[in-house]
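Before I ask anything, let me first share the structure, which is written out below as C-alpha cells.
Labels A, B and C are assigned to the chains in the order they are written; within every chain, residues are numbered from 1.
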Amino acid sequence: MEADVKTVRRRPRRRTIHIHITLIVICAVLCAPVVYALLGATQNNSQLLNFRLSPGEFLGDNFSVVWNDRDLWRYMLNSAVMSALIATGKAITGILAGLAFVYFRFPGRSIVFVLVLITLMMPTEVSILALFRIVDDLGMSDSLAGLTVPFLASATAAFLFRQHFANLPANLSEAAQLDGANPLQFLWRVLIPMSWNVTGALFVIQFLFGWNMYLWPLLSVSGSENQVVQVGLASLQAAGEGQSYGPLLMGALVASVPPILVFLALQRPFMTGFALTRDK
Amino acid sequence: MPIYPLMLPLFAAVTLIGALVGWTVWRNAGLSGRRGALVVAPAGFLGPLLTMVPMEACTFEPERTGLDIAVGIVAFTSGAAVLIAATAWIGRALSKPGGWANLDDRAEAGSFRGGAAAAMALLLPTLAVLAVFLYWPLFETLRLSTQLTRRGNPIERFSCVDNYTELLGPTAEWWLLVPLAALLVTAVGAELARRADKVGSGLLAPRLRRVRGWLTVVVVIAAAASVFGPSYRSVFLTTMILTSGTVLIGLAAGLGIALLVSQPIKGRAIYRTLLIWPFAVSPPIAGILFFVMFDPLTGIAGHVFEALTPWDMPNYRTDPVLARGLVIMASVWKTLGFTILFYIAGLQNVSTNMLEAARLDGANGWQRLRYFIVPSLTPITFFLVVTNVTYAFFEIFGTISYLTEGGPSGATVDAMTSVVQSSEWVGDGAARSLVLFVMVLAVTAWQFRATGRRVHYGG
Amino acid sequence: MRLSRRIIAATAALTLLAGTVACSKEDDAAGDKQIDVWIAFTDYRLDWAKARADEFNAKHPEYPVVISGYDSYEVLFDAVSAAIEKGTPPEIVQYFEAATQDARDAVNKDGEPLFVSVQAAINGRADILGEPVVLEDVVDAARNYYTTDGQFSSMPWNTSTTLFYSNQSLLKKAKVDKVPETWDEIEAACAKILKLADAPKHCISWPNHGWLPEQAVAQQGGLIADNENGRAGRAQNIDYTSEELLNFVKWEKELYDNGTYYYSGKQNDWDGPQNAFAAQEVGFLMTSAGDATAIVGAGKDGGFDVEVSRMPYNGDVPYAGNLIGGATLWLTADQGDAKQDGSLAFMQFLNNPKNAADWHKTTGYIPITKAAGALLEQEGWFTENPYQKVATEQLALANGTPAATGALLGSFVSIRAVLTQAIEDVLVSGADPVERFTKAQEDAQKLLTDYNALYGG
C-alpha cells in the first residue's frame, strides 16, 4: 500500500483520467446486457419489436406472469434448497474425509487417496447419460434426492479440508488425545472452530455451482414440480403468444439476483476457497 | 471370450510391454528388475481382458473392417495400460521393505489410533458417493457405448464398436501434413541452433523451442481431427474453436482489465465490483441475455449496429461464423469476472520494487509487462487456463442451449452439446461421452506435464 | 469468520426445511387417484387446459386431475421416455402425431405395452362417469391418421394443418389482388412486394420443421416411406431423395438465396417466423392452423389485415391433400379400472362439444368433433370468422391415399431432425440439395433401421 501512495503522489493527475475513462467504458460494456435486460423486462412484445430506449409500463405484468403464472417462485425455491443441500453436504463429507486422511493412519491410505484423486479427471458430465440411468434405477430421478445426492461429496471438498488440516499445527491432535478426546470430539471442539474460513469458502463456491447447474436438472427432472430455475427459465420463452421477450428477461434477472448477491457479499471466502483448492 | 488369431500378437506385445515397464520401474526404485518384470508382465497379459471380455473380442472377428480392428486395438491396449499402471504402482510399493506401510502416507499431523475401521467410517460418505455416482456411471458409459439402445426403452442390443466407428473415418488432410512438416522443420532448426550455440546466449534456440511447443499442440489437434469422420470432425473443431476463443480472448482481456484496475486510482473497489459480478451469472442466463440482445427482430445490438454503420446487422442465427463468435463473446462475458478477480490478486504479489528497478533501467511499459509481470503471473495464468478450458468443455453447453441450440447448420454443436443431442440413442451418446472423456484426459495430461513436479500428491 | 458461521446456521435450517418438504411430498404422492396429464404447452393453451381440469375436478372431486406443461413436443417426448424408464409414467400423455408409432411400440420394464388403446378401453360405452363419449364423433381426417391396424388408439385433442397467412394491407400496397395459391404465384407476388419503396426485408417465412416439407410431399402425392407410408405394414425404408421432397427443398433454397424467404435461423422455431410476420418483416407466413387466432389477433394489434388461406402447393403436379398435425392423448396401461375410467372421462370431457368449440375459438385448431363443428355453425361463429373454417375445408380436400394420410414411422422425431438439419445446411451453408439429401437419406435410414432392429420390425 505504501508504494501505491508514493506513486500516486509522484504521478501527474491527468494520467489517471484516461484510466478512469477506459474503465468506465469497459464497465458500461460489461453491464450493458443486464441494463438492457432491465429495460426489456419493463416492455411488452410490441414495444420491444418497435425498439425504444425508454422503459415500458409492463414491469409489473411481466413480473406477475413470471412469478405467479409460470411458477418462478417454485423454481427459485427448488434451486435454493438444492444448492444449500449440495453445499452443506459437500462441506460435511469433506470435513469427515479430511479428518480421516490427515489424522488416521491405515494401510492402503494412498490407494484410497488416489482413487479419490482420480475422480478429478472424471467430470460428471462425461458419464451423464449413464448417471441418469443409474439415478433412475435407484428411483431417485425427478426428485430432490436425484438432484442432490450425486453431488453430496467431491474430491475437491475432501482435498480442501485435507490440505487445511495438514497445515494446522501437528500438536493439536496430540494435545487432544492427551485430554482423552476421541476423534469426533476433536473434530467438534478443535477442528470445526478452526475451519470456519474454509467451510465458508467451500459453501460459497458450491452454492454458486448448485445454483448455476443446468445440464443435470435438464436431463433428470421431467416434471415442473421439482424443476430448478436454470431449466425452468425455458418455459418463459413462450409465456404468451409467440416468443415472449419481456418475461424471459424478467426471469433471467430474477434468477440471477441470489448468486450475484452471494458472490458479491462473499468474494473473499470465495477467493480463499479457490486459492486453497489450487495448491492441493 | 473367443480368441481370434489377430489377438495373439497383441497379447504377446502387451505382455512384453508389461515386463519392460516392470523391469524399468523396479530398477528405478533400486529393486530387482527381473522380479518387477515377473510381477507386471502378467498384468499386461490380463489387462486386455478388462475390455475384451465384456466386448467378447468382437472387433477381432474375421470379417471385421480395419476401423473396427483399430478401435479394438485401442480398447485392448487401454485395458492393458490400466492394469499395468495399477500393478506397477501397488506392486512396487509392496516389494519395498515395509510392504503395506508404503501405501500409507507419511502422517502430516499427529495420528489417532483406532485404525482402519474408524477412518473408513469417516471416508464412507465420500467414497460411497464417488463410487456410485462417478465410478459406476463411467463403467456404465463404457458398457452402454457398445449397445444399441434407446432412451425410455429397456431393450438393448449389443452393437460392438459401431457407435465409435460411426464417429470415425480417418483421413490425412493437408492441414495435418502442413503443421506436421512445420513441426519437423522447427524441431530440426531448434536442435541445430542449440548445437551451434553452445554458450546458450542466443535467442534463436529458445524461440524455436517455443514455436515447437505451439506446433505440437496444433499437430495433436490436427491429428485428432483427422481421425474423426466428417460429422464428428466439425464437432471436434467447434469444441476447439470455442475453447481456444474463450480462453485466449478471456485471458487477454482479463489481464488487460486487471492491469488497469490495479492502477493506483480512486474508486478501485467500485470498478472491481462492476467488473467481476457477471461471473455469478449462470451460463444459460448468459445465453438468454445474448439471445435477446442479438435477436434479429427485437435485439438492441441490431439497432445500435444499424445506427452506427450503413449496413444491415447480419443475423447470427443463419451465419456460422457469427454464431460461433457470439457464443465465444457470451462465454467471455460470463467468465471475465473470474479471470479479472484472479489476475488482480496475482498482480498484488508482483514485486513493486522489481518493477520500479526495471523502470529505472529504462524498460518501457511493454517490456515491463512482457518480461516481469507476465512471467510472475504464470502460475495464475496456468490455473485460469485449466479452469476456463473446463468451463469451455462443459459449461458453454448451457449458453449454446439458449443462444443457438447448436445451429446454424451445426456450427455451434460442441462435444457436450453433441452428447446431449444424441441422448435419445443412448449408446451413441455414451460413445460421444467417452470421446469427450479422452479430451479431458488429454488436457489433464498436458496439465501434469506443464506443472511438472509442482503438483504432487500423497505427501 | 462470523459471516460463514451465520451461513452455516442458515443452511442447517434450510436443510431441515428441505427434509420436511421432501417428506411431505412423499405423502401427497400417495394419493393414488390422482390423474397426471402431461401436455406440450406452456403458453395460454396450458392455462386453458388447467382451467378445464379445474372444472373437471369440481365435477369429479374423486379424480384430481393435475396438468403439467412442457416446452415442446420434443421435450415432453423426452420427459415421458424418462418417466417410462423410471417406471412412473403419467396417466395421460399428449403425444404428437410423429410419435404415434413410438407410442404404439412403447413398452415398460417388463416388456408390456405401455399404452392401451382408448377405443378398446372405452369398449363401446356411451358415457363414462357421466361424461358422454365423443371418440366416435371425431372428424375423419384425425380418425384416419390415428387409426392403426383398425384401432383408434388415442384420443385426438389438438388437430391442425398448415395454413397460409397473408398481410392483406401489404398486398394491397403492392397491388397483388389475389392471395397466391401456388408456389409460382408466391414468387410473382413476392417480386412485387419486394419492389415496394418501403419493402420489408423479406417476403415469406415458415418454420424449419419437418412437418412443412412433409406437407409439401403429401400435396404432390409423394410418400416418404415404403409400405404405403408405413400404413400397410411397418415402414422399412425412408425416401428422402424423392422428387417431391427435392422440389420443395430446391424451391425453398431459391427463395432463401434471392432474399425472398426469411429463415429465423433456428430449427423447429415456431415463434420466430410468427414474430417476423407480426412485425411486418415478411408479408406471408406458412404455419400451423393452431396459431390462427393468435396471428389474426397480432395483425389487429399491429394495424394490418390478415387473410387466411390454404397452404400453397406446387401447381405443376396434381394436388393430393394436406396432412393433419397436432397431437392426441394416450392412455397408459395398468392404471386399474377405476382410475382408468377417470382418465377416460377426462379425455371425453376435454373434447365435449362445448369444450372442443371453445378450444377451437381460443386457438384455431380444428373443431375435433362433428358436434363441435355443428355447435359453432349454429352460433354463427364461422359467419363472423370465416377464416376459422379454412383448416377444416383444406383437410376435406384430401384424396384419402396413404400420401395424404401421412407417414407412420418409428423414431420419427429423430428422423425429422435429420430432415430439418439437412434443410438448414442447404440454406445456411449452401450445401447442394441433392448431395445433402443423399446424406440425409443415409442418416435417416440408419435411425429407422436401428429402431426396427430394436423393436423387432
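Of note:
The rule is simple: a residue touches a chain if its C-beta (ideal position, glycine included) is under 8 Å from a C-beta of that chain, and two chains touch if they have at least 3 such contacts.
For clarity, every value in this text was computed on a predicted model and none was experimentally measured.
Ranked by C-beta contact pairs, the top pair of chains is A-B. Ranked by how far their CA centres sit from the centre of chain A, the chains are topped by C.
With centres taken as mean Cα positions, chain B sits 22 Å from chain A. Chain A and chain C, compared by their mean Cα positions, are separated by 38 Å. Among the residues of chain B, those in touch with two or more other chains are 297-298, 423. Residue positions of chain C touching 2 or more other chains: 78, 80, 82, 85, 272, 275, 279. Multi-chain contact residues, meaning those touching two or more other chains, occur in chain A at positions 45, 49, 133, 219, 234. Of all residues in chain A, only 45-46, 49, 69-70, 80-81, 84-85, 87-88, 91, 132-133, 136, 139, 141-145, 196-197, 199-201, 203-204, 219-220, 222-225, 234-235, 237-243, 265-266, 269 touch chain C in the complex they form. Chain B contributes residues 148-155, 157, 296-298, 312, 315-320, 404-405, 407-410, 423-425 to its touches with chain C in the complex.
Partner chain A is touched in their complex by these residues of chain B: 89-90, 93, 100-105, 107-112, 114-116, 118-120, 122-123, 125-130, 132-138, 140-141, 144, 257, 260-261, 263-267, 271, 273-286, 288-290, 292-293, 295, 297-298, 300, 303, 333, 336, 341-342, 345, 352-353, 356, 383, 390, 393-394, 397-398, 401-402, 416, 419-420, 423, 426, 429-430, 433-434, 436-437, 440-441, 444, 457-458. Residues of chain C that touch chain B in their complex: 78, 80-82, 84-85, 106-109, 111, 201, 263-267, 272, 275-276, 279, 281, 411, 413-414, 421, 424-425, 427-429, 447, 450-451, 453-455. Partner chain B is touched in their complex by these residues of chain A: 3-5, 7-8, 11, 16, 19-20, 22-23, 26-27, 30-31, 33-34, 36-37, 40, 45, 48-49, 51, 92-94, 96-97, 99-117, 119, 121-131, 133-135, 149-155, 157-158, 165-166, 168-174, 177, 183, 186, 208, 211-212, 214-215, 218-219, 230-231, 233-234, 245, 248-249, 252, 255-256, 259-260, 262-264, 267, 271, 274-275, 278, 280.
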